[in-house]
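Each of the next two complexes has chain A plus one more chain, namely chain B in the first and chain C in the second.
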Partner chain A sequence: MTATLNQIAVLAAKDLRIEGRTRSTLGLVVVLGVLIISVLGFGIGTQPQLAALGAPSILWVAYLFSGVLCFEKTMATERQDGALAGLLLAPIDRGVIYAGKLASNLILMFAVAAVITPVGVLFFGMDLSAAPLGFVAVIAISMLGFAAIGTLFAGLMSSSRLQGGLLAMVVFPLVLPLVIASTQQVLSPGGTGLAILVAFDAIFLTASWIVFELVLEP
Partner chain B sequence: MNRKILSCAYWTVAALAFAGVMGLIYFWTPFAIDPNDGKPIIFQKILYFHLPVAINTFLACTVCFAGGIGYLVNRQTWWDDLAAAGAKVSVVLCTGVLLTGMLWAKGAWNVWWTWYSPRLTFSFMLWLLYVVYLIVRSSVEGSQRRAVVGAVYGLIAFLDIPLVYLSARLLPDQFHPADITLSPSMKLTLAASFVPITMIALGLVFLQYRLHRVQRGEVVGPLTLPGLGMRPSLTGGAA
Partner chain C sequence: MTLAMTQLPSILGPAMTADAAAIPVRASGLSKSIESRDILRDIDLEIPHGRFIALLGANGAGKSTLLKILSTLNAPTAGTLDLFGISAAASAVKIRRHIGLIGHQTMLYHDLSAMENLVFFAKLYGIADPAGRAMELLTQLGLANRANDPVKAFSRGMAQRVAIARALLHEPRLLLADEPFAGLDAPSTALLERLLTELHGQGKTIILANHDIAQSLRLAQTAIVLAKGRKVIDTHADQLDAGAVLASMENAAADAADGGVA
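And then the complex of A and B:
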């Protein structure tokens, strides 16, 4: 168990070290997210009532696009210099590779969300005073499910010769339950929204862990 | 027995059953009565088409799922062809569900589309899921890789269906459809209408499956029902 956790930590640390030295993903993705929020803000930001109600969905548009870009880029680093072949030759379970990628993607997404979310909350005047921690928890749980799906399909797509942009197309319809459940949970807390989010995470973490070894090809 | 005759017989029975059910719906089944104002609800008869098509959509999705799992386990191409056939038919059927659902929404609430109806929203999200399956499939190079991508996507999409359904129910449900208890004759019509529509759905899956096999240059494989196989003259040369 500790050995597996160690392997996951080593893999995630490798990805984060690459990101720390090149800084190629985070800056791009954060700016993209802020741009999306401001583009939509010009449309509906002038109407306060509409803006406050629409804010969770607008945040999700930003999360979705920046997340897909983020997953694509972290997987693309494995395409260079045959890094993926080396990774596949390593004497570890393929599920561990998945978990490592998931961990680094999740950390990057948390970093992105930590910038985008306050921007969205400020721009659209969301009132979070009722349950600020609940809001953060809902977003965090949703991010886990989003990253679970995104990491699996980034691996699948990067191993297949495909036109760019297809990852967004695959991931968006699959994560619609997350978007609906989390926006509804933020707008009207209570109900089964949280249960759906947790079920989504559990189902797709398990399924992806099992399926991932069939997905990667150098 | 001649395959062509079996195939003709199958589709003739399906067509006759369809015509028979149409007759039942139009001439025999009574109108449902709105409990609120006591008037007949004419558009309620969409149900006899709408519900069987919806159930068969799930059937086709299950075929796609089973085909994908089978391919991941066995790595035989016919599983992949089956999955592709299931996905294609599920998109066609789901389009039928959406169109009849929209007609129903127009009749019941006087709008063509509403996000407030969880079932309509659910059908739309299901349609999106499987349309994306077809598009992703067609844009992957290499038949082996295409099969893997399709199988993994089909698996994840199938697991997604219950979550999509549950999350659609979270949307505020402003329009409550009137609760109508079906009389015995209505139930009979509903049950009867499952026969032709399930036959048509299964027939389409088999036709698509056979088409994919032939495109691959193979006609051998399980589930090539005798009545639905290619004629020997067309299949003899392909290897």
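And then the complex of A and C:
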């Protein structure tokens, strides 16, 4: 177990080191997220009621597009000069490779969310004073499920030579239940929303770990 | 012969038999089809320990596909493959610890330094002193003074030397080399030739896929020629000359053009 966790940490650290060196993902993704919030925010206008209701959904639009870019970028590094084959030759379970990619994607997404969420909260005047930690927990749990699916399909797309916007077209419909449950949970905490999010995460994390073996081709 | 083989150190634990040590690669009826196109057809292999094999054939003959299957990167469509006496289909993760692959691609991360690349892979292989082992290999390959430079700043020959270090980090028993000389200049080619010869001298089993027939026959003990996915020649390298190999390739191409089976 410790060895597996170490391998996951080594894999995630490699991705983050490359990102730290190239800064090819974070800067771009943060700017995209802020732009989405601004453009959609201005589109809604200044009506406080509309803004309050629409804010969680708009934040999710920013998370979705930013996340897809993160998934594509971290998987693209494996396609340079056959690096993925080197990784697949290592004596590690391919589920571990999935977990490593998931960890680095999640860290990148949390970093992006740490910038664009406060921007959205301020822009739309969201009142989180009742349960600020609950809001953070809901977003974190939702992002885990989103990253679980995104990482799996980014691997699939990179192996099948299907690139570009196709990842968004495949992933967005799949995460729709997660987005609905997440926004409802933010707007009206309580109910079954949190249970749906946790179940979604558990199902997709388990399934992705198992099928990643079949997804990756050198 | 049997006694000598039983004295080999066990690489997969006590369960490894003398036969497995003597014949690290045993394949039967290996076939691979991609989108209903046959890439490999019914390949049988029995490669003894410490043998240097040259895998020859024209473009599209199936050399790279065969090496990918032997490295456990790809699974065959049909047939069985045992590496070190263990089924590759059942225990690929265990087997990978003993396989090294050098390709025409470096399989390195260009934004990381040579040292960072090697330490990363060494950690995945569970090597006790990743930095020490990485520096040892970089020193052997004449790159110690460039250890901290990013791979993207390296020439093709230098990057290939780092790739060789990556393949040798875990001291594999079976070394697979897929067109490793592609794009190398003369000094780098000479260095790699010398290295392969040394590794063979250390008892490693080597399978080299290469377009240069004369060079392959000079380096290897056994030549296997593939044509249109089939094994057409499997004999001692010193019993062949480049002309005979070339003729077998041309015959296979002519058969294929006539609609026959190569």
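The definition used in the following text is that the second predicted complex is superposed on the first by the 216 of 218 C-alpha atoms of A that agree within 3 Å, B and C clash if a C-alpha of one lies under 4 Å from a C-alpha of the other, contacts with A are read in each partner's own complex, and residues count from 1 in each chain.
The rule we apply is simple: a residue touches a chain if its C-beta (ideal position, glycine included) is under 8 Å from a C-beta of that chain, and two chains touch if they have at least 3 such contacts.
Please read all numbers here as calculations on a predicted model, not as lab measurements.
Under the clash rule set out above, the superposition-derived model of chain A with chain B and chain C shows the two partners fitting side by side. In the superposed model, A:80 lies in contact with chain C only, and not with chain B. Between the C-alpha centres of chain B and chain C, as seen from that of chain A in the superposed arrangement, lies an angle of 90 degrees, given as a multiple of 10. Once the two complexes are overlaid on the shared chain, A:93 sits against chain C while remaining clear of chain B. Applying the stated contact rule after C-alpha superposition, one finds that A:10 touches chain C and leaves chain B untouched. Of the two partner chains, neither chain B nor chain C is touched by A:47. A count of residues in chain A touched by chain B and by chain C gives the higher number to B. Contact with chain B, but none with chain C, is seen for A:181 once the two complexes are overlaid on the shared chain. In the superposed model, A:18 lies in contact with chain C only, and not with chain B.
Applying the stated contact rule after C-alpha superposition, one finds that A:192 touches chain B and leaves chain C untouched. Between chain B and chain C, the shortest distance over C-alpha atoms in the superposed arrangement works out to 5 Å. In the superposition on chain A, the residues of chain A touched by chain B in one structure and by chain C in the other are 217. Of all residues in chain B, those touching chain A in their complex are 72, 125, 128-129, 132, 135-136, 139-142, 145-146, 148-149, 152-153, 155-157, 159-160, 163-164, 166-171.
Note for the complex: chain C touches chain A at residues 68, 71-74, 93-94, 96-97, 99, 101, 103, 105-112, 116, 120-121, 123-126, 150, 166. For chain A in complex with chain B, the touching residues are 149, 152-153, 156-157, 159-163, 166, 169-170, 173-174, 176-178, 180-181, 184, 191-193, 196, 199-200, 203-204, 207-208, 211, 214-215, 217. For chain A in complex with chain C, the residues that touch the partner chain are 3, 6-7, 10-11, 14, 17-18, 21-22, 77, 80-83, 85-93, 217-218.
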